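First chain written, first letter: the chains are A, B, C and D, and each begins at residue 1.
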Amino acid sequence: MKLLKKLIEAIKAFESWSSLLYSLVAIIIALILGAVFIIAFGYDVRVAFFHLYNGSFGSLYSLSQTLFQTTPLIFAGLAVAIGFKSGLFNIGVEGQLYWGALASAVVGLRVGSWPMAIALPVTLLVGAIAGGIWGFIPGLLKAKTGAHEVITTIMLNEIAILGTTFMTVNYFKVAGPVDQTARLAETVRIPPIVPGGDISSGIIIAIIIVGLTYFLLNKTSLGYDLQTVGNSPKAAEYGGIKSSRMTILAMVISGSVAGLAGSTIIMGRLGRFVTNFSPGYGFTGIAVAVLARNNPIAVLLAALLFGALEAGGMTMQLFARIPNDLIGIIQGLVILFVAAPGFIRLLTKFKTRKEAGERT
Amino acid sequence: MNAVELKNINKRFGEVVANKNINFTVKKGEIHSLLGENGAGKSTLMKILFGLYSQDSGQIFIEGQQQEINIPSEAIQLGLGMIHQHFMLVDRLSVAENIIAGKEIAKNGFLNLKRAYQEIEELSKKFGLKVDPGAKIEDISVGEQQRVEILKALYREAEILILDEPTAVLTPQETDELFEIMRELKKDGKTIIFITHKLKETMKISDRVTVLRDGESVGTVDTTETSPQALARMMVGRDVVLRVEKEAKVAGKELLKVENLKLHNPQGSGLRDISFEVKKGEILGIAGVEGNGQFELEEALIGLQKLDSGMIEYNGQEINKLSTYQRRQLGIAHIPSDRNRRGLVSDFRLDWNLILGSEWKKPFARRGVLNSDKIKAYGRELIEKFDIRTPGLSVTARQLSGGNQQKAIIARELSGGPDFILAAQPTRGVDVGAIEYIHNLLLDMRTKGKAILLISAELDELRSLSDRILVIYEGQIIAEKSGEFDEQELGLLMAGRKEGEVDETA
Amino acid sequence: MTSDILAVIFNLNTFNAALRLSIPLALGAMAGAFSERAGIINIGLEGMLLMGAFAGVFGSFVTGSAWLGVGFAAVAGILTSLIFAIFIIEFKADHVVAGVGLNILALGFTTWMMQMIWGTRGASPSVASVPAIVIYFLEDIPVIGRLLGIQSPFVYIMLAMILAGWVLMFKTPLGLRIRFTGEHPEAADSQGINVKKIKYFSLLLSGFFCGVGGAYLSLGHLSQFSRNMTAGRGYMALAANIFGQWNPLGGLAASLLFGFTDAMQMRLQGIDIGLANDLIQMLPYVLTIAVLAGAVIKSRPPAALGNHYESGE
Amino acid sequence: AEGDIAIVFATGGLGDQSFNDAAYRGIQMAEEDLGINYNYGEPASIADYENYLQLFASAGVYDLIISIGFDQADALADVSARFPDQQFALVDAALEADNVGSYVYTEQERGFLMGAAAAMMTQRSDEYEMINQEYRIGVVGGMEIPLINANIAGYRAGAEYISEDVHVSHSYVGAWDDPGRGKELAISMIENDVDIIWAAAGRSGLGAIEAAQENNVYAIGSDSDQGHLAPDHILTNGMKFVDNTVFLAVEQVLDGIFEPGIQVIGIEEGALGYTESLLPADIIERLEEIKASIIAGEIEIPDSL
């Protein structure tokens, strides 16, 4: 009870409700523009939005689809947010999640015979560690040589995708038309929340990590130090905080959360590591994080929004025959408008002008 | 004819009323001081005049004509020039580039830097403002930067100059030079609005004074008909002790000892063989013109810069190798001269800022987990105790006024139970009321037997607080004084005169 | 063996390919330099390039003229950056967010339009493209002739634009104003520089460069548009810009490095050097990191990068 | 309902001018000739396959749901188990399930034909001006995956079968959707005197075909007849008659003779082949002989590198 109260308090304190309202207005504007688009090309808006809703929240199954799309985005968004909070732009989530995924797959195959209560967490943990190691590299490079993390992480993404493929092909491959590892045992697969149900407990893991991230950033000394470095490296130095150590740590933590994005996908739906499996979760993670202004709790909401659009877009494409790319357009617009507090202020400006009285 | 006339100016920032119905008149050719506490609304008023802010209501008259000033370029057109409280210079560009940007000299569409150099040199000769047009801003001293700021205005043929706290970062000598320049400008027929927190300066240079308090104009007086005490009363609304009294006290045991500190700095003077010691219950002042090594000394003592050689001994223990964190652990507090960047995390809440450096310590954290309740309680306590004026704990440091930012830093540093206080420029840019308060705090610490190293460019401050004063010049201690300090003498020493020579002239 | 490798790497064809591969990167990097020098982080390069690539093919398809297509691309680049600019300058959008949004929007928009116009989601039909030109007097000079004698006109356009961009940025009053704005917008404002105008100008110029860069991809290098054909080049350009220290010439150098290592990688795949292809394909990225980590230069972005500034508030 | 078919394409989506488009043609043929209705989905990532399959299956109205693409096998395994009464077809991968009919192609056979054709052609510099005197052919693969490698292995074997002197180079773009790089890879081969390039790289291959056209060498298309892209330069196409496979599956369902199980199909079944395009008559003749030998099992073709 107390915990819940504290949580509510934290949410209230952290993100003012007005900014949530802003975001809602922004989403509505983006949807309206999307509707204009739909009409302009001769589609039926009502049908489109009906399916968009139906496919995202219309039924328990739709909801499960939304959450399924949401889960990796939460991890990816958190990973990016942790970087930003610490003054680092981690574009490398994509690469980190590939290593997380491969490591989980490889270890998951080894520990599949263990009891689930041990095997599952171990497999997840290994993914986090692998992602963390891949995050360590740009962190170390930045701390020791000043190499800009934007460049190094972009490069490391490519290296990770090629590297995981190389490892799979040469060491872990099973026969099949795709380069992939063997299928994981059920003990290391993330089970549904209710046995036999549609909703995967991946979302629960994600929510736990959201909580942990929030806790780390706002309730721990380490989080304090990370944010100090992110905000003002000079003040950090002054306060006796080792910036270079924090830079490395931030990248490692960010990388491990990214690694979990990969782990949960392969331990969930895919059931094995498949080369080139990610459609760019890491990059969408950037959008999620910035949309959420790097607030972990808002990351959850932003990821949910993206997940819902993805899931709804699928049904919209299937049953209203509107190309899926409309979803991209709407997503882009949502991001643009949510990012732009000034636009909504502009809508209300006329009123305030009048109130302020004449200006000479 | 009035050069500037502001009528019924109102300006608010959200809840804060920065300017309330202000009327302000400056006569042509006068030097007019604008006084007021931190946050009184001086800068805001001047930014409105210069077109950087727009007033919510009110009128502006320049040379008797009502004017709309929406952007600075319009103000520049009208002959206004502003030298900002925080320098508006681009570090990585040259002096000349900084001056001409916006009013460039071009030939066939290309920048003509050669001509620009010439023009700047002519201008600087005319008004006695020595600068090197080709030097990068980041490589020149604060005093020179100030001159560049003035040149920027003169280059734009400003007739009315607004100087917002130009002396805050200047040494007495540099201030005197600036006053010379101001008189020169006045002779040239220019009008000057001058903002400062230093009443002595106001008395010395201005013709008339206007005082703001809480966003309102308290009144305008002729300088000749007022006194520092009277002005302070107008500003603060009560009597202010302008020079604190310190009780006689015998210093205790030696706490900090430095020997042969050396630090090479290609851009500044660095440290060249510095030795001294500070005793418990003593305030040791370091006097010096900015850029003579005091910054390096400050940073080296706390471990933010590495020494080339030398020894720092604290409480009998050599601390050369210790990190900043470890040194702070030993009871060294640090009020940094670079308060905006070093002292505060500008986007952190106030209570978080108040535990910077203690975020791993009890009671604020246990095993790395922060205790928000304790942190908040502590924040409230300090706000109360140190009279930090803030709407609340969740306000970010950035949103505090300069004086209150400084109070927050001092509150944090003095509350940690330090034995040694490294206080660098503790009252820079702070209003008289706050200065009084800070000075009292430091003396209080002295009474409690703490050792204090006071690095300051304010001679008055040094003289009234210090038990001993060392003068630093080009990275060396060139003199040590104790007892009654002669202002004239100290000033000359800071300028690099040898002690012998000073004695002769004195 | 080693001589084999060296022969494969250091030959004119490799340099030629490096030049071609560097064009969109170098133009994108310069676009990044202009917007970032004016204080605006530009993650949206990818989207601007993509819009340019699409509009180029669309223009060529509609008019039948490749050069008109390039014009379409330039205009599309400018319009795209105008949207970006309005969001950032007028609505004070976070730069990174807006850039990411723009990229997603551009990908969705171009794919959507492709379906509406050509009914396909993959690749457009082939259209008139810009053919290579032969410069006769150059052609006969031994080395230069093979390198520059027969080239896509875009090579010259790119080189000329980069040079012009460099001059503009560092040798003209406007360039000084741009640099000033990105370092200290308030100072710029105080000196009578119209910060808003400068930001608009820099961003639109940025869009123009990207438009042309995109047109090169679809009309210079290829002759069709294909979904997501920029394939991350905008991000590479961003990296090149930072690598090149926010200087068009530096960006060109970095792009040439990327282009060269990529060209080299492609050629190494062709000879058996006992290394898995995956590993060979990593080469450009590994080398970039190595060079960056080994270089002594510390990146120093414009001081006010990412900030918002509004005069008169 | 009678004659309702659903089809889930591979992630490249429609418009790839080869694989997915071929499947699309198959379903359109079925619409025209058999009067069926169809609905389709274009997943963006492999994790989405399951969603689409599930959506179609739970609709419960489709007589057949067709999965296009080798990487759908896992997703289909799960979904088909959940919907035992639903009939599924899987094209391009094998899946053992009671309600799934799956079709796998002997890719290496097609590669073999292409390699043989190219090897014969590259030796004819006296007859064809686009052919140089070097005996060099190449193949540009999209990504280094088993399916592509089977093709390349066949290609190499086919060339070797014709002549030991023909040099084969192969490289990978590393993406299916980067025609710019596909083109550069092809150019790098052409610089090394390769005069026939097989583009087996999805949309990246479009760039390789452009490179061939511009530099006046031959290209070989993939999956569909890509001749229209460069009529004078597409020597032949390595055909995978996905359209026929799709059509066949639909037809069998309508006729009630659709059988679950894995079907390995190739040249013998008419599922793989080539187009005559620009090939000279004697080479076509030779290819037909090779085809016969393959069908007769007289040629052993490796399916990996």
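Heads up, the rule we're going with is that a residue touches a chain if its C-beta (ideal position, glycine included) is under 8 Å from a C-beta of that chain, and two chains touch if they have at least 3 such contacts.
Computed from a predicted structure; not experimentally measured.
Undergrad: Determine the shortest chain-contact distance, in steps, between subunit B and subunit C.
TA: 1
Undergrad: So, comparing C-alpha centroids, which chain is the farthest one from subunit C?
TA: B
Undergrad: For subunit A versus subunit B, what separation do you get between their C-alpha means, in angstrom?
TA: 45
Undergrad: Per the centroid of Cα atoms for each chain, what is the distance between subunit C and subunit D, given in Å?
TA: For subunit C versus subunit D, the centre distance works out to 34 Å.
Undergrad: Any idea how many Å lie between the Cα centroids of subunit B and subunit D?
TA: One centre to the other, that is 75 Å.
Undergrad: Give me the residues of subunit A that touch two or more other chains.
TA: 162, 165, 169
Undergrad: Could you list the positions in subunit B whose residues touch two or more of the other chains?
TA: Those would be 54.
Undergrad: By the touch rule stated above, which residues of subunit C touch at least two different other chains?
TA: Answer for subunit C, listing residues that touch two or more other chains: 121, 278, 281.
Undergrad: With touch defined as at the top, which chains are paired up in contact here?
TA: Touching chain pairs, listed by label, come out as A-B, A-C, A-D, B-C, C-D.
Undergrad: Tell me, which parts of subunit D touch subunit A in their complex?
TA: 11, 39, 41-42, 44-48, 50-52, 54-56, 58, 70-71, 73-74, 92-93, 104, 143-147, 174
Undergrad: For a test of understanding, state which residues of subunit A touch subunit D in their complex under the given definition.
TA: These residues of subunit A touch subunit D: 61, 65, 68, 162, 165, 169, 176-179, 183, 265, 269-272, 274-279, 311, 314-315, 317-319, 324.
Undergrad: Spell out the residues on subunit B that touch subunit C in their complex, using ranges where they run on.
TA: Residue positions touching the partner: 50-54, 70-73, 76, 82, 84, 88-93, 97-98, 100-104, 106, 109-111, 152, 156.
Undergrad: Can you check the complex and tell me which residues of subunit C touch subunit A?
TA: Within the complex, subunit C contacts subunit A at residues 43, 83, 87, 90-94, 96-98, 100-109, 111-112, 115-116, 121, 232, 235-236, 238-239, 242-243, 276, 278-279, 281-282, 285-286, 288-289, 292-294, 298-299.
Undergrad: Going by the contact rule set out above, which residues of subunit D touch subunit C in the complex?
TA: Listed in rising order, the residues are 12-17, 20-21, 42, 138, 144, 169, 171-172, 174-175, 177-181, 183-185, 187-189, 191-192, 203, 206-207, 210, 229.
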